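Here come two complexes built around subunit A, the first alongside subunit B, the second alongside subunit C.
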Partner chain A sequence: MSIVQGIGYLVIGFLAAAIIGMFAHWFDRKITARVQWRVGPPFFQPVYDLVKLLAKEVIVPEGASRFLFLSAPLFGLAAVSVVSALLIRTVIFPQQTFLGDLIVVIYLLTIPSQAVILGAFASANPLASLGGSREMKLILSYELPFVLAILVPVIKAGETIKLGVILQHQATEGAVIASISGVIAFVISLICMQAKLAKVPFDVPEAETEIMGGAYIEYSGAALGLFKLTQWMMMFVVPFFLMMLFIGAVNWRQSWLNIVWAALIYIGILLFITLVRNTNPRLRIDQIMKFFWAKITPIAIVAVILAFLGL
Partner chain B sequence: MSLKIKALTKSIWVFHLAASPCNNCDIEILDLLTPRYDVERFGIQLVGSVRHADAILVTGSMNRKARQRLKRVIAQAAKPCFVIAIGNCSCSMEMFANSYNQMECLDNVSEVHAYIAGCPPKPEAMIQGVVALIQAQLAALKK
Partner chain C sequence: MTPNRTQIIPIGPYHPLQEEPEFFKLHVEGEKVVKLDIEIGYNHRGIEKLAEGLTYDQVPFLVERVCGICSTSHPFACVNAIEDVGGFDIPERAKYIRTFVGELERIHSHLLWLGLAGHFLGYNTVWMWAWKYREPVLDCFELLTGNRNHYAMFKPGGVRRDFEDEDLPTAMRILDGLERPLLMFAKIAMADPVLQARLKNVGVLTYEDCVELGALGPTSRASGVPWDVRRDHPYAAYDLVEWDVVTTENGDVFDKVVVRVLEMLESVKICKQCLEKLREVRDGIDANYKEIPPGEGIGHHEAPRGEVFHYVRSDGSNRPIRYKIRAPSFMNVPTNNRAVVGYTVSDATITLAAIDPCYCCTERTIVVDADSGKQLMGWKELLRLSQEKTRKLMEKYKSRMDRVWI
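Then we have the complex of A and B:
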């Protein structure tokens, strides 16, 4: 693959994730408003928010590490764009993926969270560092069950760590979710996704009502806008990644109807995220750790064992 | 009208700055977000940090201690940011004008872009005030 092609994929990945992510953000806010019996924001609200933020003044607080503070949002955005490009390329050419791209995706998906931590600590604000440390504990909590849940499709597809092979396997042998271990792993990964996206009940890092936006408290203008954009893009990338792993619903080669089907599933997952977010209170960080380590991880291990047994 | 300015008027994030109020105006501000008025229709959102704010809603008559902090908080906002005085207290100090712990009116401390009178002002009055502010800013830009 030449450099030009690579840049092309990156641009396509970035644009697709940005546009779909903005839609996801609007959908989230609109459904929240409807749940609360309100009207909700107009369709182009995320665009207005982003353009406004990009045009505003960027303030670097006194005592902050200037380079880290300003570059942290870029790290997150870059990582999420690369993931999006990788996933979209895998869907278009499942044969051409490289060995271990699944692991690359898992690693890259944690970089936005790490960017939040870096930015929070660089901003020299006590509330922001509180948010940063909470984000760190949140990663420690959900990452183990998330990886265990991802092991299930890996085992099902014949112990491969190539995303393209997992996709092709599901196209011929049926979706991973059509088995007991697949269902358990999918539910677990949905819960981990809620934590990855830092949505209620796992929104401790930014907890608006207690630590005032937490990690983002000192961010303003374009830097804040990039962080917001990264969050919105994650709302496309993570559900899409799970759909590829568990449902394999993006087999556009079989029929064009599969794209409609995939879009419907994606909207269903978004609806799930939003409804969970609207019907649950925020958990404390120790409750989250207990929940993930004592409850979710054992279930994930059971799912992996079931997958080994072929169930 | 450029996209930048259109985006600014369509997405106003407000920061609620309570400078020793009696809480009446604050309750009316929160009323704006409830289903009856729902200002999120216009992209208006309440934010927790003043760095994210496009408009600062000041309530209360501002005593000695609140005055210093109010100055600092307003200086911390990212430009362009507008200051809106909500309620008679922050507009004119009302009956606290001669009180021992009050120093001066809000518009001596910071530039105020809109005054919304009332004790407390109705949510409709606040919406009208914000609309008037937007129109005044747009008219100033056209000149």
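Then we have the complex of A and C:
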């Protein structure tokens, strides 16, 4: 693969994630509004928001580490663009993936959260550092069950860590979700996704009414815009990643109708995220850690054992 | 513990948690609050002094502006105080109208608090739903009093406007429609495990704390202190209708939610009885007292946040020579020192909000030396300071002031 091709994939990955992510954000806000007896924003509201934020002045607080403060949003954006490119390329050419791309994706998916932590501590604000430390605890909470849940499709597809193989296995043998361990792992990964996207009940790092936006408190203008864009792109990338692992994503070679089917599943997952976030209050960080470690992780381990037994 | 291990998390003076200026300094270790500094006094408006320049007919309008949410509680206590000076009695119909307005206000205020409490927990759906069901209550106010928020219904000796007979069935229908959503909120609070995880055993105020600090209203009733001035010292029509004082035992934030939701159901009950009585009782709405004799009077009203206390002193002229207001938040805000310390920052926000604070009702000014506790400035010095400031401002903005006065 030449450099030009690589850059091409990156651009495609970025644009796809940005556009679908903006749609996801609008969908989230619209459904939320309808649940709450409100009208909701117009379709292009995320675009207006982003353009406005990009055009505004970036204020770097006194005492902040300027380089880290301004580069943190870029780290997150770069990582999520690479994941998006990788996933899209894998769906188009499942044979051409490299060994261990699954691990790379899991690794890159944590970078947006780490960028938030970095930016929070760089901004030298007590509320931001509280938000940063909460984000850190949040990662520690959900990452273990998330990886355990991902082990299930890995085992099902013949103990491979190649995303392409997992996809091809599902294209021929049926989706991972069609088994008991698959269902359990999928539900667990959905809950972990809610935490990864920092949505209620797991939105402790932002917690507007507690720590005023926490990690993002000092961010303004384009830097905030990039953080927001990263969040929206995550709303495409993470559900899409789960769809690849558990449902086989878009099996477009079989029939073009499968693309519509995949889009419907994606919207279903978005709906799940939105409804969960609208029917729950925010948990405390200690409650979240207890929830993930004491309740979700054992269930995830059971799912892995079931997968080993071939269920 | 070294001093630099504690960090200060500021809540205020401007914070999305509360819509009024207030300042809570949370001294935290990690996420745990170890100490709380309460600083209020950003919005002192000198209402008591203003009241001395107005006639008895005007004072209820002024004190109505003390608070925008419990905007009938202050006039209620005010007219009670003025009537207490002369020992006046008012027509029964006026009593029922007063009681109705007071209770309907409790419903709208508690619904507003319920919504905000949901918002503070990140549960924005509860926020929007509570405020949606608050809307018909405000419509009912508009229908019966002509205003949605500042009703201007009270005057010494009675009420200003009568309820029209043809409006009563609509009001009744609105009250009937409220019962279902209120029961729904009660059910949500009781049944939602996540809500319980956040609210149970959080911000606990014990019975002893409440008695010691003199906590009022739902804040104390959630701790099992059965204080309710409507029952203990009846006024208006509260001794003529059937209702119960709601108390719970645990004193945590969860119980404060429960007390408020159940109180709303009691209020619906009282309002309905008042409407029934208003069909029969027709003895006028105003006793038309012309003179306020010299003397002193006190008035209470159980506002949605607790007991409002007004004091008035008359010298026989047409305006008070001293007016004194004590809003319930004045007693409730210090309870935060007990309820917040020892819990986490996440708990602190909802606990601070759980007393349903109203800072601008509470503001008062006194200048003390922090070290010795000695009072540096009293009423007279502060008054002189304020007058000097006004004079300076008028000189500075003379040209603009002229326009304003015209």
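We adopt the following convention: the second predicted complex is superposed on the first by the 310 of 311 C-alpha atoms of A that agree within 3 Å, B and C clash if a C-alpha of one lies under 4 Å from a C-alpha of the other, contacts with A are read in each partner's own complex, and residues count from 1 in each chain.
Note that a contact is a pair of C-beta atoms (placed from the backbone, for glycine too) under 8 Å apart; a residue touches a chain by one contact, two chains touch by 3 or more.
Predicted model only: the values in this text are computed from it and were never measured.
Peer 1: With the two structures laid over each other on chain A, which partner does A:Leu130 touch: subunit B (first), subunit C (second), both, or neither?
Peer 2: second
Peer 1: For A:Val51, using the defined touch cut-off, is the partner it touches subunit B, subunit C, both, or neither? Pick first, second, both or neither.
Peer 2: After superposing on A, A:Val51 lies in contact with subunit B but is clear of subunit C.
Peer 1: Looking at the overlay, does A:Leu283 come into contact with subunit B only (first), subunit C only (second), both, or neither?
Peer 2: After superposition on chain A, A:Leu283 lies in contact with subunit C alone.
Peer 1: Applying the document's definition of touch, where does A:Tyr107 land relative to subunit B and subunit C: first, second, both, or neither?
Peer 2: neither
Peer 1: Check whether A:Phe93 is in contact with subunit B, with subunit C, with both or with neither, and answer first, second, both or neither.
Peer 2: neither
Peer 1: By the touch definition above, which subunit A residues appear in both interfaces, subunit B in one complex and subunit C in the other?
Peer 2: 36-38, 208-209, 212
Peer 1: Where on subunit C is subunit A touching in the complex?
Peer 2: My answer: residues 7-10, 15-17, 30-31, 118-129, 132, 192, 194-195, 197-198, 344-347, 349.
Peer 1: Name, in rising order, each residue of subunit A that touches subunit C in their complex.
Peer 2: 32, 35-38, 126-127, 130, 133, 200-201, 203-204, 207-212, 278-287
Peer 1: Which bits of subunit A are touching subunit B when the two form their complex?
Peer 2: 29, 33, 36-42, 44-45, 47-52, 55-59, 208-209, 212-213, 216-221, 224
Peer 1: Where on subunit B does subunit A make contact in their complex?
Peer 2: Residues 3-4, 6-8, 10-11, 34-35, 38, 40-41, 43, 47-49, 51-52, 54, 76, 78-80 of subunit B touch subunit A in their complex.
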